[in-house]
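To keep things simple, chains are lettered A, B and C as they appear, and every chain counts its residues starting from 1.
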Amino acid sequence: MTVVENRETMPVSLQVTSKLTNRLKQIGLHTAVFLLCLVWFTPILSLFVTTFRTESDSSLTGWWYAFVEWRPVLSNYVEAMYLTGVGRSIVNSIVLTIPTVLGTVLFSAIGAFALARMRFRGRTALFLAMVGFQVLPPQLVLVPMLKFFLALGLTGTFVPVWIIEMGLTVPFGIFLLYGFFASIPSDLVEAARIDGASEPRIFFQIILPLSGAVLASLAILQFMIAWNHLLIPLIFLGSGSLSPLTVQVASLAQTNAGGLNTLTAATFISVVVPLVLIVTLQKYFVRGVLGGAVKG
Amino acid sequence: MANVNLRDVRKVYNQTQVIHGVNVDIDDGEFVVLVGPSGCGKSTLLRMIAGLEEISDGQVHIGSRVVNDMSPKDRDIAMVFQSYALYPHMTVAQNMGFSLQLGGATKADIRVKVEKAAQTLNLEPLLERYPRQLSGGQRQRVAMGRAIVRNPQVFLFDEPLSNLDAKLRVTMRGEIKALHQRLASTMIYVTHDQIEAMTMADKIVVMRDGFVEQVGSPLALYDRPANHFVAGFIGSPGMNFLTGRYSQGAVRTGDLALPVSEPPASANEGRQVIYGIRPENLAIVEEGGLPLVVEVIEPTGAETHVVGHMAGQRITGVFRERVMTRPGDILRVAVDLGKVHLFDHQTEQRIN
Amino acid sequence: MSSQILQLFFGLLALPAVALVIILPGELALRRFPQKRQNSLRPWIWLSPVLALVGLVIAYPLVASIVFSFRDATASKWVGLSNFVWAFGTAMRPVLINNVLWIVVFPLLTALLALSAAIMLDRVRYERIARTFLILPTAMSFVAGAVIWKMMYTYAPPMQPQTGTLNALWTKITGGMPIAWLIDQRVNNYALIFVAVWMSIGVATLILSAGVKNIPRELVEAARIDGAGEWAIFRYVTLPSLWPTILVVLTTQAIFSLKVFDIVYVMTNGSFGTDVIANKMYSELFVKQNLGTASAIAVLLLILASPVIFMNIRQIRSEGGE
């Protein structure tokens, strides 16, 4: 009531100003958000546009000239796919990523199941170790792992990369799944036990089916990590015939072998899968990121 | 179907004993209710029978077998949980058939058994639904259906009705009772609600702090509670207690003499006792009797509850007639001498 | 090519098999034991795949790296502290200074921008779409980000057409000389750091947005009724409530600054005074083939990361999340 009275007694000029400042604030807000999105998107747009330009165009004018004179060519993609080995690298990236994702989800789920649903001495210590291992710099594993897999004669295969990528993410995976598994009511597990379900069956038929969303979150995060990693495959697969997209693109960029436009086409090919995934499966990605953040 | 016998059963958690040597014999086909306030160990005991908790000491027999080291699935029991514990990702039919499927039954066999159980519980139209699509009462019935399907020797219920509203609880109470009569199997039922215990049980086991306080039929417990705790726990409104001293054939408190029909067996003069009388064993009289200072009158329609005090101690009376009285009035009430309970003040055990 | 496909199928079968081959027979074996014994043995059967994996990939390298850091280039004899003397010597000094720059600038800039983004996005109705724009770079590899920004930073000498976006804008707007973003040592480290910021904002904004949405509306409304303006609300309500979340973002990004490799590898490969620890380690390992110094650098990374590791552990512990 008093608020209404105040407004009525407020000078008219002041009412107008406050309305105006509000309006200005709104415009300022929308402009700022728009500019932020624009700045963040422009680099990606420039990549995309450049993939359709010819070498000579690109050496003379910036990518934005494509909007002035639009003469798209597909030759960069053709060249990238067939001449620079990107086609082969797509296969390599898939061979590297899919087993890694599968293994990471399975191992994390098994570990989280044991940690969240069983009681034993050292449980807390083990869980805290997983928390600590999450932030360990991966560089630490390089030298010993290289020696180890050289001794086994497994370098030059995907085995070391799968295992190392899994090992580096599983502590995070356990952390992510632990919270969810621990929140599943114990009545449900006990009911299954009385129904005659063995532990593996409880795991596969009760826990896993209930955890679809969180498993998908872990899977998409690990997909991004494994698909996008450079260092580990660079060291264990080299830049030869087994190199995944990241390594291939990095070596193209460093050697300048195919020219700028081929490089951009190769780069775009390398990002298209994760881009599509993050747009379509954003919900799971967000859930994974938030679930994994060590909360304050 | 089978009897269940508990022999000196104990449970120890991190050096703290929570179940102290429980001995209970449950006959084949009996409906037994474990009742007591929260934390008394009744759920733990049930879970030990189910095999969900390790038995620290003593023996649990189901039928002729000692089941201490058996896993839950080998004990031939079924359990209904307070939360129902229905598998959210399975339909009603799948929920009910899960144990049979795990037991290796054929699909056709499962369907027959599930349909039969569904028929018993009026669940047929719901078989293809998921638990989230059901009401509380329906979920409750599915949980029971899941137990029935297995045709177990013993049914275990862990506070199965406490998530339902009051009205539904009464209905389901009747359904479970009817189910027991139809199946005639052994059922062990845990609740904190003494009315559930009274209305459903063949035999009640009253527990407190991990001890069994008394075992008996509902009316035996009601009429002859073994101690002060059971007397107070069973019955609603609860038994009235007046503390006083036994002297010259009556219990004296303040300037009142509470009448006793016969002197307590082991009572000597001057002993401190607790005098117990149930609210409905008080009657309004014109003359004599004891003075009850009225504080609150609660007419329920069928009967009238009068809360007041006598010699400074709180007393409730339940009367069939409609009492015309106001707060502050003094009501004369007589005690039904045959229904007086006397407990030792020290040991709290019954002494008459 | 067929060998790759073969390896794919091998991986898809072998990795799950490794886990299941331990657990399923283990469970069968357990059935012979009494109930009590089963319950105490079972966790270890289920933990064994993870223990083996983490033991091999993390625990063993942790110990081995420390051992190697005290041995010579081929890890064949003890050399005492000489690798560490080298690591703190003149050769490493500019590298360490660069990492200090990363550790300070990158987390602060990311947190600051992400915080502004989170607060702004919270007030617009098209939050999801705007958020998607910020997340897009997160989905890409740092290699791709580096390629993109190498283009953005393209430098052409004055008077020639500027094909790089930044220099085109810069020369157009200010009329100044084009800047060699990746070569000019006054700006090149910042140019690299900004690429990382561009790629990391998405996740940081997600986390901070969740934090902003967790602030109870009543709290803000109460402050408003108490007469607080927008700034006062931010200063006395939003910021204190968000502080733990901001700390999460800062520490995560600080750890990232220690590990940063890809961006520098692709954009400058450490030249023009942009080298960082991880790239130095790579060159010690592969160019100089020195296991000792490479391991010393790894141990150095571990030491630098350990405060955050212990902070996180303490945090989780105090939450009682076990």
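Going forward, contacts are C-beta pairs under 8 Å (C-beta built on N, C-alpha and C of every residue); 3 or more make two chains touch, one makes a residue touch a chain.
Note that this is a predicted model, so its numbers are computed, not measured.
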Set of chains whose contacts include both chain B and chain A: C
Chain ID, smallest distance between chain and overall C-alpha centroids: A
Result of counting contacting C-beta pairs for B-C and A-C, higher pair: A-C
Between chain B and chain A, distance of the C-alpha-averaged centres to the nearest whole Å: 56
Inter-centroid spacing, chain C versus chain A (mean Cα positions, whole Å): 12
Cα-centroid distance, chain B relative to chain C, in whole angstrom: 59
Sequence positions of chain B contacting 2 or more other chains: 51, 71
Multi-chain contact residues (two or more partners), chain C: 39
Contacting residues of chain B [partner chain A, same complex]: 50-52, 71-73, 77-79, 81-89, 98-99, 102-103, 146, 150
Touching residues on chain C, where the partner in the complex is chain B: 34-36, 38-39
Sites on chain B touched by chain C in the complex: 51, 54, 68-71
Chain A residues touching chain C - in the complex, by the definition given at the top: 29-30, 32-33, 36-37, 40-44, 46-47, 50, 58-64, 88, 91-92, 94-95, 98-100, 102-103, 106-108, 110-111, 113-115, 118-120, 123-124, 126-128, 130-148, 157-159, 162-164, 166-168, 170-171, 174, 179, 198-200, 224, 227-231, 235, 242, 245-246, 249-250, 253-254, 260, 263-264, 267, 270-271, 274-275, 277-279, 282, 285-286, 289-290, 293-296
Contact set on chain C toward chain A in their complex: 1, 4-5, 7-8, 11-12, 15-16, 19, 23-24, 27, 39-40, 42-44, 46-47, 49-50, 53-54, 56-58, 60-62, 64-65, 68, 75, 117, 120-121, 123-124, 130, 132-144, 146-152, 161-165, 168, 198, 201, 203, 206-207, 210, 243-245, 247-248, 252, 255, 258-259, 261-262, 265-266, 269, 277-278, 281-282, 285-286, 291, 294-295, 297-299, 301-302, 305, 308-310, 312-313, 315-317, 319, 321-322
